[in-house]
Amino acid sequence: MKTLIDLNADAGESFGRWQLGDDAALLPQVSSVNVACGWHAGDPGTMRRSVELAVANGVALGAHPGFPDLAGFGRRAMALSPAEAADACLYQYGALRAFAAEAGARIAHVKPHGALYGLTLRDPDVAAAVAESVTKADPDVMLVLLAGPTAQRVLDSGHRVVREAFADLDYDDNGHIIIEPVPGAKDPDACAQQAIDVLRGGVTSVNGTAIDVDADTICLHGDRPNSPDIARAIRARFEQHGVHTATMREVVATRNR
Amino acid sequence: MKTLIDLNADAGESFGRWQLGDDAALLPQVSSVNVACGWHAGDPGTMRRSVELAVANGVALGAHPGFPDLAGFGRRAMALSPAEAADACLYQYGALRAFAAEAGARIAHVKPHGALYGLTLRDPDVAAAVAESVTKADPDVMLVLLAGPTAQRVLDSGHRVVREAFADLDYDDNGHIIIEPVPGAKDPDACAQQAIDVLRGGVTSVNGTAIDVDADTICLHGDRPNSPDIARAIRARFEQHGVHTATMREVVATRNR
Amino acid sequence: MKTLIDLNADAGESFGRWQLGDDAALLPQVSSVNVACGWHAGDPGTMRRSVELAVANGVALGAHPGFPDLAGFGRRAMALSPAEAADACLYQYGALRAFAAEAGARIAHVKPHGALYGLTLRDPDVAAAVAESVTKADPDVMLVLLAGPTAQRVLDSGHRVVREAFADLDYDDNGHIIIEPVPGAKDPDACAQQAIDVLRGGVTSVNGTAIDVDADTICLHGDRPNSPDIARAIRARFEQHGVHTATMREVVATRNR
Amino acid sequence: MKTLIDLNADAGESFGRWQLGDDAALLPQVSSVNVACGWHAGDPGTMRRSVELAVANGVALGAHPGFPDLAGFGRRAMALSPAEAADACLYQYGALRAFAAEAGARIAHVKPHGALYGLTLRDPDVAAAVAESVTKADPDVMLVLLAGPTAQRVLDSGHRVVREAFADLDYDDNGHIIIEPVPGAKDPDACAQQAIDVLRGGVTSVNGTAIDVDADTICLHGDRPNSPDIARAIRARFEQHGVHTATMREVVATRNR
């Protein structure tokens, strides 16, 4: 069983007049945060505040680029070409990086959001194009992809990849996560148990199939109504099992030892 | 003191993943509703549900067109020409009308939102262009403008105008309302008192100046956190004073008697 | 060989500062026009001018709703649900209808644009939901779908459907059109020949497969650089073969005789 | 008369399907380029190509952030607060910087576009907030403002400011430029003469008033139909007068000698 893992949260998903998620309660529980960059959520003012909140909580800061679809919150598939997907990630990463720079912080990682994440999973050319583009712009930045064959291929091609698993989403029999358009509240204990399952190397699909998982980070969704409770339940369970959290960079650094 | 008035609410201001306002609690308290049409709030799915809610509550249905500014919720001034402002209102009115038609309902009125409302107030050419355009597309539809000189001018030029006052906004010494980017909770009793003041023919500006008001309808903002409470306080006060509510059309019909 | 057909063009595809297509040269050549409604192209000012141009040319006016994707011109697939697709069509149809009403004109038909057209083709539930929604809002309006099984199914379910074929697009072996993100110039004679092929009941796919086509209308793309030349070539060929053009409504009226 | 000046052009103003300007013909004539960053023009693919074109022509690269108003091309005033304007500039600067980084280039300057430029001119708090924010994110970057009192104030407060004049726009009696929503063709000789006037220290307003101008750079608009001709006319006139062009950084470096 792994005893070191990053715990990351999607956050900064308010937009202008609309508030979403309780980031102030969630961020103290995680080691990394993925901040929305304006296309699916996160207007510039929200981005500024999200960066400040990440810095105040000492949490590693990542960009969370999505499809250009505010009405669909980036959770509706769009047929972007690999080049278009790479440009979308580069654009949004750059925008957040400027806010980070102003706050004296750095972007540690880039993690595509929602259906754009799903596209990197289903289309290896998209995953490769995004990795190529982002690491060319910033050789230090890491790309977060779902732990599995696509992530492994991009990793094997020499890019900095962080392999992710989910504590609060179901898996299908292919080992793909099932994205909910509007996440509801979930049982914190069940999520904590799934996090422990990930650390033990496998989860169970909705149909009962065993899925092998080798992950560096575990994700929580900030727009789930009780996400702070879920995060606290996971942290408590980690403590019981002697699991420590660290940033993605720290976890990845121990990977090949 | 007037004893017949329309009570209207701005509503339908959610957008995709983001919820705003408790329309289900607010609509039973009002006689008219102004539904956001997609440019400042109100994606098509929200529009559909707002129309259904209006029909279910037997409330007169109006379009609430705003500036094309989701990030600013339509509350930041934009320098649209009179023709552009008229086209913006026509476009959004038409979109909502299609949802109304599908539900077997009609659009009773058009009320510009936020800073677009402010533009009709400050620029009589904009008010005239909007009135001209909307009534040409639908001779039955009424245009809601702030009770005052501009509204009177458009009314005098032969257009169907409903003159509006506000229960939950402050007035400046020019008799203009002071728009808040993010409305906070307000004392329901103070709002109810201001509604009664309107019925008596005048309100007091933030500087203590007496402002004459001759209004057909009184507005509440659905995105104010306690708007259902404010609405209930107003309705209770109306009952004490023997004031009845009716739709704009009914109120306007009694205007010249 | 058919001797009566509608010739329709996608037009009104400028947006604000950006001009696209030579609609003034194209519209005199066609009997119907599909006007962009703001989501993939066609800002409100362009919509107003497009309606005026249609009226001035005595051309039947249709709405051309697209995906909410200006950057992709509505030609990138998006996974909208049937309800979302229906709402998208209803919204944009309604917006254009208001401009038509102001000009004293009517909306004769609704034709989804680009990848939304492709979605109606691939997902019969989407086609059915759009037909249901649009005809409920306006029982007179006709829905334009690609001539083939999906169109036939919606037609058989009792909705007003116009079956479309293309003069300037290639077909694949499934009888589906191959959408080009950026249409280039095409040989006007080849397009004219394909139009005649359609009237004779069949086209040839890019792989040489014979595709049966039973169509009421033939489409041209206004954003193809030489679309007016193509339209003139088609009209000349029609004249040679004694083919007359008429609006969709007129063509459909002769369908069951 | 000055003999060293930067010549800059607004470019990269296509958007997706819509092409605008002949950047390939214009860029060889200038020493700096301001690239649209997605809010008023310039989708990510266009940004990528614009950066490549700037690099290929050895031209200094600048960000050209605008209001979030594609339909108005960023030329309609919007009432953004100083903080909102600063965030808008920072966001768009950052996005372009990522494309520059990927191409191995740097962002030399930031120049607000259209009505956002106008806002920095009319509201010194906006100019100060933008300067503060951008230079905090990148101490090397220069901010381009209209040569005049506002630019001088921001310069005096210690920020890197480049003072700009215009060869192809008229001035009013306040020394403010008159922004055209849709720039038409202009006489290249007249523009060349105005460029020389700037180098001599003054231009004449539309009403004949003499306006003092002390500028480091002269601007051309890439969306003016004959902008490459204007650029060539200016370069020819510069040659006649022994004027050399250089990047903003080089010109500014000579300022205090």
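In this document, chain identifiers A, B, C and D correspond to the written order of the chains, with residue numbering beginning at 1 in each.
We take it that a residue touches a chain if its C-beta (ideal position, glycine included) is under 8 Å from a C-beta of that chain, and two chains touch if they have at least 3 such contacts.
As the structure is a prediction and not an experimental result, all values here were calculated from the model.
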| item | value |
| --- | --- |
| Of A-B and B-C, pair with higher C-beta contact tally | B-C |
| Intercentroid distance (Cα basis), subunit B paired with subunit A, Å | 42 |
| Multi-chain contact sites of subunit C, meaning residues that touch two or more partners | 44, 71-72, 84 |
| Chain contact topology (line, ring, star, complete or other) | complete |
| Residue numbers on subunit C that touch subunit A, as the complex places them | 68-69, 71-72, 76-80, 84, 115 |
| Sites on subunit A touched by subunit B in the complex | 13-20, 41, 43-44, 70-73, 75, 181-182, 223 |
| Interfacial residue positions of subunit C with respect to subunit B in the complex | 38, 44-45, 47-48, 83-84, 87-88, 90-99, 101-102, 133, 136-138 |
